[in-house]
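Here come two complexes built around chain A, the first alongside chain B, the second alongside chain C.
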Partner chain A sequence: MDTFLLALVIGAMFSAQYALIALGFTLVFGILGVVNFAHGSMYMLGGYVAYWSVSTLGLPYPIAVAIAVLFTGLLGALIEILLVHRIVEDHLSTLILTLGVSLVIVTGVSLIFGHEAPQFTFPIAGSIPLGPAYMPLDRLIVMIVSGVAILAVYLLIFRSAFGRAVRALSIDQSIARTYGMNPRVLFAVTMALSSGLAALAGALVTPILSLSPHAGESVLLTAFVVVILGGLGSIIGATWAAVITGMIQSFAGIYVGGSLGTLLLFVLVIAVLTVRPSGLFGAPARGA
Partner chain B sequence: MKKDMPYSVLQRERQFSGSDRVTLVALLLAAALPLLTSNILVQSVASQALIGFCGALAVHLMLRLGLLNFSVPGFMAVGGYAAAIAAEYGVQDLFALLGIAFSAPVVLAIPIGWIVLRLKGVYFVLVTYLLTEIVQLVIVETPSLTGGTNGLIGFPPTTFFGTELISGPAVYYTCYAAAIVALFVALWSTRSYGDIYDSQAHNETLAQSLGLDTARYKAQAFPVSAGVAGLGGFALVQLLITAHPLSFTAASSVNYIAYVLIGGAASLLGALLGTVVLVTAITQFSWSGEYSLGLFGLLLIFSVLFMRDGVVGVFTKIAHTIRGRNQLAYPATQGDPT
Partner chain C sequence: MKKRETTKLFAPILGAILALGGSAVHACEVKVGVVGPFSGGAAQWGVAMKSGAELAAAEFNAAGGIPTDKGDCKIRLVEIDTQYSAQGAAAAANSLANEGVKVVLGPVGSPEVSGIKPVAARHRMLLMVNSYAKDAIGPKWPLAFHVSPGASGWALPIVRKAKERYGMKNVTIIAPNDQGGTDIAPVVAEAYTAEGIKTKEEYFQRGTADFTALVTRVLASKPDAIDLVSSPTVESGTLAKQLRVAGFRGPIGKLGGPGTEEIARIVGGYEALGDYYYFEPIVVDEEALKMRDAYKELTGKDSPEHTFFYLWGAASRLVFQAMKEAQSAQDSEAIAEKLRALDVKDPNIGEGLWIGQSFFGINQELSLPFGMGFVHNGQVEPLIKMPAAVDK
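Right, the complex of A and B next:
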């Protein structure tokens, strides 16, 4: 029973992280139609900016996280305005373009910070008892911040004028333009939001897990798994899929063991797709 | 057998296009490389280009159907490991190993294709990426068969009519054999069904309404693509003298896709040119050490923004410009009424 509860707690923590990572990815696909292969590198960059703000500028960790989100969000907007927007209609080309951007970011970070993992630790340690299990405080904070961020994104997309505008653009761009919506601005803001979410995840999670120039690769794979399972472009789907993925990884990790659990998860995703080719909550696929 | 093909397709099939001929001649000429230079570095880069060409052909075959395939390294691993395991069981003949490296991924791709080919667009892209990750995990989880994270090393060398292929030029020719077989398979596939594939890529619904069984052609192309990738995997294992999971990571699929897109996705010549340009560039970049990955990224960005039809597209534009100038310079040759 203790092991079961422990798996449940770890699963909840995984779920929150995965949801935060996958939300930005699915948001950009749903609205711009872009499979953003640079999403993992934005996560990694968020971690490095937070680390630099703490270690070099000596700023408190919460301010460092905010700087990471703002810096990476701004970079995301610039990438959209200067590069992605020129070919946004061509899904295959944007995929390759963001791949190129990802490689450039990874190389830039390697040149500035080196290939070795820096010493970046979460400022709060310890744990609190939660029934028979103990919950690490750092993970609990990550879970709470992730939950708040997910809720904020949900409200922004489904309860605000901005959200209505970007959803209208994703459904029919020409009609949305006729009503005065500017895709150039809205796409850039969406990309900034997505990159900022990835950076938030990176700044929160890398002090707990690890930070290296290639830290974004596994994160990108996680985002893939979650959004495929949930259905590309679906925010609700990504959230539910993050919970399913987090729980499977946690339970499989404890009861089955490391990579066999991951293998089980991947096979399950493919099995789900045989029944529902657009994921659990997804719309029919765009081409790429 | 092909009663559902439009008449124009029947007319054009099995004829080599100009770019196909250039590709074939270029690859045939590549056989002379070890005779022209004994430089080990040049032979090694050329071998890598031949392996990359197999991967690029595998990507090209599915891209002709409008499907971006990230599972190429996964099927390369299946082909490479199958040949290495067969060698451990005493199969050393080059032709037999080529057959195994081609057949094993084909057999595996048939049931996998039944599942993944139901997916469209981005779902297909992401699931094929996942497939390569699954192959990696299966390799790691089956150490008794694949050597797990250590890989397979020390398997007996490949032989050609009893001669062991272990010297530098011999390894080059092993890679060459894999590439030439891969090219002939790709030529057969694109010459026989290329127009059908193209019609599906441009408008699958229209192709279906014209009577094409699109599912059948996809199900046919996927195993062929997997087999071609398997040949590349065999060549890679021969070059490295080891079958290791890190040789076949999902991230490496980016390279094969980049070869095709930068060379030009519309033809086999594009796959060849893209491979030669990028493998050479990667070799040059690797001398710049830590900059190499970033330079590769910049090249991808530049190509996508400014060379949408790839290197072949640039050459075609230049050829059209020259032809246009010639026509302007000699207008009398174009039906002068006098």
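Right, the complex of A and C next:
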């Protein structure tokens, strides 16, 4: 029973982390129709900007996280305006383009900060006992931030004028334009939001785990698994898929060992895709 | 006047042609492949290896280069990134074969070595590799050399010293679930068992970023010590960090690839790392540090801090010396013959020998003095220099 509770707590920690990472990824696909291969590098960049703000500028960690979100969000908007927007309707080209952007970011960070991991730790240590389990405070903060981010993104997309506009653009761009909606601005804001969310995850999670120029690679894979399982483009789907993924990794990791946990997850993804090719919450694939 | 202008016009052109022609006569060069992970999680191993090869090449070039039937030729390194993958290493070997390269330094990891060996054998390339795989070298691969002994050579003396210090009775070994982990973990486990220590092996998917579940599983069996063996540096650092956060206070071992400084940085400093014992392929003493100065002087760049720089510098010197004695960069069998017969004596690292017969069935494993390190209560102790491993 103790181990079960422990697995449940760890699963919740994983789920929050995965949801935060997958949210921006699914948002860009849902609105722009772009499979953003640069999402993992935005996570990594968020970590490095926060690290640089703390270690070089000497700023308090919460401000460093805010700077990371703003900087990376702005970069995301610029990438959308200058590069992605020109070819946003060509899915294959945007895929290759974002892969190229990712390589440029990773190489740039390696050149500036070096290949090796820097010393970057979460400023708050300690944990809260939960019976036989414990909840580290840093993970608790990630869970709270993740919950707030999911709620905020949900309200923004489904309960605001901005959300209505971008959803209209994602359904039919030409009709949405006739109603005065400007895809140039709205897509850039969406990309900024997505990049900012990735950076938020990076700035919060890399000090708990580790920061290196390639830290975004496994994150990208996780984001893929979560959004494919939940249904590409579905915010609710990504959230539930993050919970499922987190729980499987936790329970399998504790009860059957690390290696088999990953295997079980991929078996589940294959099974779901066989039965429901559009994922659990099956948002239909769309074009911008 | 006209004649003078014509002369003015053509003199520089003529000069340039002569200079080009002249340089063409002396531009004889021999290519040597340098193959390793120059990007990705294992990049620091590859970058350090490449820098060691650059040092040795610069030294030999400064001394006149490699004598061949075309005269004295400069060594030119052809560097290819494998991204620590078998397919990357195989592609690198094919690319080098197209360039006519017959001598290759690297790669540095088991997956890459598995990928490169069949292609290199097909093209009769001499390889100097690093891998903890059980079949890293062997009679099947007569042109493959091993840059330093695997765990079979150094694990036992290190385990002995760690046991003297910590008196552990049971150890859990954590390693990646591919050949880079599954080949070394049982060899290290054997060394612990030989010292009467109970061992348990746990494996993780390479590329795992969060080890919370694995750490929980491992700590449930209450080990006295945990050894991260050949887990890559970033993963080792994350594991050590999460072990400490989860409350593990026992010693953490690293009987595999080096990278202590980076691991300590990830954990949050040596104090947070606590008790730690590790294998170092080379002891960087005053003599070894001269290689750093030489690298700076010859290349104008700072050398990496990683100990692979020194190890690969020494190994590359031996390979280039064998090429020099064979007077060839193309006859890989003649170079291999010379390499086997060379006395292992590096001016900076010390004396060693060729071993490998008992474990691999072939005497092509370069054994140099190695080191063992302790971090005790967060304090880094001076490395203990251990004599070069000998065949059992």
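Convention: the second predicted complex is superposed on the first by the 283 of 288 C-alpha atoms of A that agree within 3 Å, B and C clash if a C-alpha of one lies under 4 Å from a C-alpha of the other, contacts with A are read in each partner's own complex, and residues count from 1 in each chain.
Everything that follows uses one rule, which is that a contact is a pair of C-beta atoms (placed from the backbone, for glycine too) under 8 Å apart; a residue touches a chain by one contact, two chains touch by 3 or more.
All figures in this text were calculated on a predicted structure; none of them were measured in a lab.
Overlap between chain B and chain C is detected when the two structures are superposed via chain A. Using the contact criterion defined above for the overlaid structures, shared-chain residue A:160 touches neither chain B nor chain C, since it reaches no partner.
By the touch criterion defined above, A:274 lies against chain B but remains apart from chain C after alignment on the C-alpha atoms of chain A. Set against each other, chain B and chain C differ in how many residues of chain A they touch, and the higher count belongs to B. Applying the stated contact rule after C-alpha superposition, one finds that A:262 touches each of chain B and chain C. Of the two partner chains placed by the overlay, chain B and chain C both lie in contact with A:217. In the superposed model, A:110 lies in contact with both chain B and chain C. In the superposition on chain A, A:99 contacts chain B only, with no contact to chain C.
When both complexes are aligned on chain A by C-alpha atoms, chain A residues 106-107, 110, 115, 217, 221, 259, 262 touch chain B in the first and chain C in the second. The residues of chain A lying in touch with chain B in their complex are 29, 35, 83, 86-87, 91-93, 95-97, 99-104, 106-108, 110-111, 115, 217, 221, 224-225, 227-228, 232, 259-260, 262-263, 266-267, 269-270, 273-274, 277-279, 282, 284-288.
Chain A contributes residues 3, 6-7, 10, 13-14, 17, 106-107, 110, 115-119, 121, 125, 136, 209-210, 212, 214-215, 217-219, 221-222, 249-250, 252-255, 257-259, 261-262 to its touches with chain C in the complex. Residues 66, 68, 115-116, 118-127, 129-131, 133-134, 137-138, 140-141, 250-251, 254, 257-258, 261, 290-301, 303-305, 308 of chain B touch chain A in their complex. Taken together, the chain C residues at the contact with chain A in this complex read 39-41, 43-44, 47, 177, 202-205, 207-214, 216-217, 220, 233-234, 237-238, 241-242, 245, 262, 265-266, 268-269, 272.
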